[in-house]
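Order of writing sets the chain letters: A, B, C and D. Residues in each chain are counted from 1.
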Amino acid sequence: MVLKTTIVVGNPKPRSRTLKVAETLVEKLLAPGSYELEIIDLADHTAEIFAWPSEEMAALNARVAESDLAVFASPTYKATYTGLLKAFLDRYPANGLSGVTAIPVHTGGDLTHAMGPTVNLAPLLVELGAVVPGRGFYFVAGQMDRLDELVEQAAAEYAANLAALATVAASTRALASFSSPVA
Amino acid sequence: MVLKTTIVVGNPKPRSRTLKVAETLVEKLLAPGSYELEIIDLADHTAEIFAWPSEEMAALNARVAESDLAVFASPTYKATYTGLLKAFLDRYPANGLSGVTAIPVHTGGDLTHAMGPTVNLAPLLVELGAVVPGRGFYFVAGQMDRLDELVEQAAAEYAANLAALATVAASTRALASFSSPVA
Amino acid sequence: MVLKTTIVVGNPKPRSRTLKVAETLVEKLLAPGSYELEIIDLADHTAEIFAWPSEEMAALNARVAESDLAVFASPTYKATYTGLLKAFLDRYPANGLSGVTAIPVHTGGDLTHAMGPTVNLAPLLVELGAVVPGRGFYFVAGQMDRLDELVEQAAAEYAANLAALATVAASTRALASFSSPVA
Amino acid sequence: MVLKTTIVVGNPKPRSRTLKVAETLVEKLLAPGSYELEIIDLADHTAEIFAWPSEEMAALNARVAESDLAVFASPTYKATYTGLLKAFLDRYPANGLSGVTAIPVHTGGDLTHAMGPTVNLAPLLVELGAVVPGRGFYFVAGQMDRLDELVEQAAAEYAANLAALATVAASTRALASFSSPVA
């Protein structure tokens, strides 16, 4: 099986370092050849983000919702995710990211807002039905020269967390046995 | 393999409805015979909770840290988890719950503080290195007559989330391939 | 002195009930004739919200920053404020709302997300340097028939809080005595 | 009028640097001679903190509730306030800190958890009815040699915020005019 993977970048400026951090995380986390990757740079879609309905946006939303793994990456604006990223997520109905494993990523100038991806972006993704396999990942933008090293550390933690979760998954009751299976 | 499972109850009053909710969640989520369960009712340990060192508390902390799955259940006090539960968690070093799948559970009088387990208790458990497989579970205490039904819905969602995570786990790079494997 | 007051509405749909709730709050809180009020309905500015620079947006941002009191009102989207409201606030530099007393208001379908204005919107406004005089105000949209009564209760609480703060203000050292006065 | 001021320290270890930071903040913020100060070091009361009822704890709770200004200071444990501080606050009924101006203070090893007092402790105090005049104050413990300078900056910001709030307070409707005045 090929893992469907998507990166969503919430930076109003395109092709940002935030995108580069997210790409590196996917490379470090997943086994080569095991996945396909699509990148959605929301900077390319600001003209449509408040249009309703919008075929363009609906296609993007669907792509992410069908992903097995999605990385949501945003620069830190006012201690949290950008309005651009939130506007994209606002287009989903309730539980619109059900079944998606989601990793929240923030970049920032220093450690002051390092809690942001864990206390703000992770609960937002969870509210949409996604599952976040651990802490959010916060990357200090001035450390691009240590990008590989720091991202590998985070990837190792996510991989270990996912392995631990798989152990628990093996002991749950069969999904079919629930009288109210989740859609 | 038998799944090590623990319930930690943060209610200063022993044998509470909060404990009953947590027990029901474990029963509904896990396949019969696949797990062993230990219950830690912190109401029984208030005299030791600020003692340092304490063999009694160290044994409890170790039991939870070695669990595959732990349910942390608390009544809602001031819109969030109790000080008693936090005092127990404060005894861990950094990443003290690494490798544990943790489910946050709050009970409360009405829906006013329904966000609590997702925005307060979940980030706290994640900070300790645990992984939370979805939303926190909030149970309105006045609905004990619908306990089985409501808990089964939540359990079905956790089971589906865990299955989705297992799919992603199968595509990560081998843990041994990381140069900095997580302890 | 006439109090400069502004309402900022973050609903992508114009002239919403959320605006009505905010207007009622201002009426109930402030003494008639003591203030001037301007309303900024962000639904009218979605085409410009990601434009940079933008004279139109800069004028709106300035108007709010110069306010003595600003009410920030948003429907609840995904348990928190809208991306539209966040995109407006993202345009401020650090401390861009310094000196502004800000009241966060959310409307929602039921109480499930009642914590939102207190745990999400209030910290965001505070991060920008604003001061929030108490809890955020959450209004269940189905209670429009009780709007006056419920808003008056909230207004009474804000008025009492502001009076308490004024007592403390009278005992602080003179602003001129600080070697590093805030801009 | 003499301002009733209280410091509550949530460090399980007595006479901590966290207490020193809080004391300095009060000195820098308030005009000499304008206030009386009482210090409650919760480390002295761990044996009683879960006792119910407790005359000792009730007296402490009352002292804080009657304060005009209270500083709540805690070391950072697991990215947030300590269980000891929360256990003290759990003893209050709903709105138990109504009418109190409250300043949240955290100390920590580096900036990683700098958001803690603003996103965790401030909403908790607000939930109890207190009013927080701006951001929480986070102090990096390694900077004790710059204590006076950094605390004065924070005090200047609180003083400016309180002055701004007093302006708005002057324009609210008279408290007596509300049909449902807050207790």
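Note that in this section a contact is a pair of C-beta atoms (placed from the backbone, for glycine too) under 8 Å apart; a residue touches a chain by one contact, two chains touch by 3 or more.
Source: prediction; values computed, not measured.
Chemist: Would you kindly count the fewest steps from chain A to chain C, each step being a jump to a chain that touches the current one?
Modeler: Steps on the shortest route: 1.
Chemist: Quick check on chain B against chain C: do more than half of the interface residue numbers occur in both copies, making it same, or fewer, making it different?
Modeler: Counting which numbers both chains contribute, over half are shared, so the two copies meet through the same residues.
Chemist: Suppose each chain is reduced to the average of its Cα coordinates; what separation in Å results between chain C and chain D?
Modeler: 24
Chemist: How many Å are there between the centre of chain B and the centre of chain C, using C-alpha atoms for each centre?
Modeler: 36
Chemist: So how far apart, in whole Å, are chain B and chain D when each is placed at the average of its C-alpha atoms?
Modeler: From the centre of chain B to the centre of chain D is 30 Å.
Chemist: What are the residues of chain C that contact at least two other chains?
Modeler: 79, 118-119, 123, 127, in rising order.
Chemist: Would you pull the chain A residues touching chain D in the complex into a rising list?
Modeler: 79, 110-116, 118-119
Chemist: In the complex, go through chain B and note every residue touching chain D.
Modeler: Touch list, chain B to chain D: 12, 46, 49-50, 52, 77-90, 92, 120, 123-124, 127-128.
Chemist: Could you pull out which chain D residues touch chain C in their complex?
Modeler: 1, 3, 28-31, 34-35, 68-69, 98-101, 118-119, 122-123, 126-127, 129, 131-135, 152-153, 155-175, 178-182
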